[in-house]
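Listed next: structures, encoded as structure tokens.
Both of the next two complexes hold chain A, though its partner changes from chain B to chain C.
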Partner chain A sequence: MTYARRLAWPAVLALGIVLPLALHNDYLLTVMSTAFIFALATIGMNLLTGYTGQFNLAHGGFFAVGAYTVGVLTVDHLWPFWLAFGAAGLVAIVLGLAIGPLSLRLRGNYFAIFTLCVGYIMFLVIEKWDSVTHGVVGIIGIPSPPAIGPVSFDSPRALYYLTLAFLALGMWLMQRIVNSLVGYTFIAVRNSEPLAQALGINLMVTKVSAFLISVCYASFAGGLYAGAVRFLGPDLAAIDHTFDMTMYMVVGGVGTLAGPLIGALAVPWVTENLQFLQNYRFVVFGPLLIALLIFVPNGLVGLWQAIWARRAARAERSAQASRTVSGEPHA
Partner chain B sequence: MLDIDNLGISFGGLAAVNAVTTQIEAGRVNAIIGPNGAGKTTFFNLISGVLRPGTGRILLRGEEVTGLRADQMARRGVARTFQTTTLFERATVLDNLIVGHRLHTRTNLWDVLLRTRRCRADERACREKAREVLDFVGLAHVEARPAAGITQEERKRVAIALALATEPALLLLDEPAGGLNPEETDALGALIRKLAKHDITICLVEHKMQMIMNLADKILVLDHGEKIAEGTPAEIRANQAVIDAYLGSDHAELH
Partner chain C sequence: MELFLQQVLNGLTLGGIYGLIALGLTLVYGIMSVPNFAHGAFYMVGAFAAFLLTTRLGFGYWSAMVVAALCTALLAVLSERLVFYPLRNAPELSPMIAAIGLMLFLEAGAQAIWGADFHHMSGPWSGVLNIGGIVAPIQRLLIIGGAFGLMLALELFLHHTAPGSTILAVAQNREGAALMGIDPHRVEMLTYAISGALAAVAAALYAPINLVYPAMGQLVILKAFVIIILGGMGSVRGAIIGGLIIGLAESFGAFYVSSDYEDLIAFALLIVILSLRPQGLFATKLRTS
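Here is the complex of A and B:
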């Protein structure tokens, strides 16, 4: 079991690495790359929403800000891609420091509503600020990420590996965070703010930290998106992307490490496979989602955990029963 | 330990706690009692930093702590439990307790990302502290159980263990025996005595009179947000104002 657990993540990564060798289809590789990018953003969202309990509806906005930072800097100011990519993280931190402490004064639904408005303001700024963002025209001709050493990223396959590498890095850093004292502090805040505070945890500092890490994930994912898709329109900042990420997170399992990853890969896969239904695909997809919410409220990972917990409990009960039968004390 | 002077707070004109002056005495079991709605929990929230006092001052070992937040109070050695403790049900009891020692650690995000020596040392310290406090409250055997799978009584003890992990000088217990049967209440009383013996000053709010009378060194009685009596259990038992407040004799005469 421990061996299996230790090998699970490397096995998943290995699968990701060999997949393009089996798939000789550029379209599917592009679909996968995009899914990886959104998975990266969803992992970040899960830190704030799943682990810290603050539902940030401006997450898609930060994704768009990261993408536009890269787009504007590379196309209009001729910055090298990777420098612009770094700047995307910096912009997220600066914006996060302005928005986080302000919005996190609000709790629960009020925070969600406030950030919904923040996200909409981000959309409006991107759409209306013609001189910088090119408004509704969008940004065309973003360079693809330049080669790192001998590895260039202009083929779908190379781009696939680039996004996979960032996703793997993002997952690895995230597991370090959530399995640490810092992660436990986030969970304590989600669990009960009064209790966390009574244990000496500064709520504002903790929430703002989670907020900043979370929006950095969104912004870097956005930066990758800019390099991968190479065209940006203001619709990128629309609330739809935030809701998509929320859906991935809920389907996979909120507040679990693997959940957002599984959701962000499974949902696009299902929608891809329902393409043949054309516009009717949502007739199938919608009820599927509702059924999932009703019967598997903790997501696929939650379902998996529940099955294991039940098995463990049954094993313990039968072990106890056999001890009682053999007459051993079980005090 | 805690000098409370003229402490009060009003909610929309209603004085929930009104001009209470008292002392929480170091090394002893201090109890706060009073009828329902007397302002006991509000008083608790004031001295633990959950609520900001409207009037008055609080001194902790001579240091002014009026108006500090709950986390700042915790860092100064004032821990508290709640009537109901929200645990992370999916995690084990031990994992729930680890964060209790967090305020004594300095691990930050970089330590975590780089897994520095400080990060590992802090994690070890938190885990050891969690085991130590769990053992202290007599629950070492449920360490690995998910928090969802423990009894109400065990949950009360875990709440105390969590507060203990912060290494408090003063421990505020809000109805620690609420919902427990008489035997469990006695066992919990023994635990509270043990805490006091370990140099932790106790202040508790409780409804169970018999427990209080056996346990407390000093009792403060609140009614309608005001202090109506203070003293040893024997003095409180004989106090006419207390008897009136509990039996409502003045109201009985009026109607």
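Here is the complex of A and C:
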């Protein structure tokens, strides 16, 4: 089992690398790249929501801020793409330092409602601040990421590998974070704030750290989105994207490492096969999500774990039974 | 001076509508501790119901309002039964996400059935009263009278009737109320019904000077949340006063500062107030979920 587990991630990555060789379809590659970008943002959301227990409804707003940072800097100020991409992270940290400590003074529902309002303010500012964000017109003609050495990113296939690389990096980093002492303090805060505090964990510092890492993921994902899609409109900051990411997280399994990734890749794949739903997808996904919350609260990963646990228990029981039949004493 | 009073009139109109919506939200929060993000969608459904009843089925304005209130109350009770009741023991995150799912479902449903177009609904009286230089459209006076009358009626209902008292009792102490023979599930349904009906009435009152469209509830629900955070979650009077504060602030802000950023005022106010007083304006105890 541990052997299989150790091989699981490299196997998934290998699958991601060979997939374009099987797919001779630029459209599907683009769909996959976009899914990778949103997966990256969802992984970040999961750190704050799943592992630390704070539901940040401005997450999509930070995604849009990252995208607009890249868009504005490259198109209007002619910055090189990668410099603007770095700036997206910086902007997220500065905004996060302003918003995080303020919003994290509130708990549970209040935090969610407060960040919902913050997200709406981000949307309004992006929509109304014509001189910087071009308002409802949006930003057109964002350059695609320039070549790093001999590798250029102007074909869908190259873009696929670029987003895959960032996603792999993001997953690797996240795995390091949640399995570190810092990650354990996040989980401790989620499980019980008073207990965490009694153990000497500084709640505010812990929550703000999780918040900053989380919004950086969103902002970098947004920056990638700007380079990949090359067009931005204020709708990017609408609550819909935050909700999409929440849905990916719930489908896959909240507070698990693989859950957000599975959800973020599986749901767009389903949507792709239900094209006629495009505009009305929430007519189906709304009730589906509610049903998932009620009947499969731990998502696909939780379902998988439950099946494994049951199988293991059954194996244990039959092993025990055979021991009793053969007359051996058991401990 | 006339301009000032004109803004007061506009502020009271907005405050009345916001107050009615915030009241439903705060009642539900008091009983179930669920921030019902779908409440704005109830408001939208109420508006569409009133609009369709008057234009397609030939109802009068007032009878349409009553029937719309009943329909929306039914919708609210159904969502309680099908969505929030099964999730009552789930982690805090689940009903929140479910509420957002319900909101997007209702909005997408409305758009699929009625299209994304903007509709206009006419009120019973379209005239204008001129009182000492202040131009007062009758619909605005109707809103102010209707909204504050309804708030008063609700206050009396909660404090002076047995069903109303059961709501307060369950909000104060669920187990204690259950031991006194109050069925909390019936109270929950009653509360959702009231919240849905209040949203529909607010929508029907406001529709003649506003537009009816599927996304109309989005901004309103955010402002209602701002209001009940300001007023203290679960507090009825806090919701009314908070509604007035936001209504007046928006009306004056739009006039004296900038109408472009009118919608930002409520949120800016929220951030300023919560930075200075994290417990809200009227609440005394600290916020814990």
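The rule is simple: the second predicted complex is superposed on the first by the 300 of 331 C-alpha atoms of A that agree within 3 Å, B and C clash if a C-alpha of one lies under 4 Å from a C-alpha of the other, contacts with A are read in each partner's own complex, and residues count from 1 in each chain.
Rule of thumb we're sticking to: a contact is a pair of C-beta atoms (placed from the backbone, for glycine too) under 8 Å apart; a residue touches a chain by one contact, two chains touch by 3 or more.
Since this is a predicted model, take the numbers as computed values, not measurements.
Of the two partner chains placed by the overlay, only chain C lies in contact with A:110; chain B stays clear of it.
Legend: residue contacts after superposition of the two complexes on their common chain; A:266 is shown touching neither chain B nor chain C. Contacts of A:281 after superposition: chain C is touched, whereas chain B is not reached. The partner that reaches more residues of chain A, of the two candidates chain B and chain C, is C. In the superposed model, A:19 lies in contact with neither chain B nor chain C. In the overlay built on the shared chain, the residue A:250 is in contact with chain C alone; chain B does not reach it. Of the two partner chains, neither chain B nor chain C is touched by A:97. In the superposed pair of complexes, A:49 makes contact with chain C only, with no contact to chain B.
No residue of chain A contacts both chain B in one complex and chain C in the other. Interface of chain A with chain C (complex): residues 49, 53, 55, 102, 105-110, 112-114, 116-118, 120-121, 124-125, 128, 239-240, 243, 246-247, 250, 254, 279-283, 285-287, 289-290, 293-294, 297.
By the touch criterion stated above, chain B contacts chain A in their complex at residues 48, 50, 69-71, 74-75, 79-80, 82, 85-88, 90-91, 95, 98-100, 102-103, 105, 107-109, 112-113, 115, 119, 122-123, 126, 146, 162-163, 165-166. If you check the complex, the residues on chain C that touch chain A are 29, 33, 35, 37, 82-83, 86-87, 90-94, 96-98, 100-109, 111-112, 218-219, 222, 225-226, 229, 233, 260-261, 263-264, 267-268, 270-271, 274-275, 278, 287-289.
Chain A meets chain B in the complex at residues 173, 176-177, 180-185, 187-188, 191-192, 194-203, 209, 213, 305, 309.
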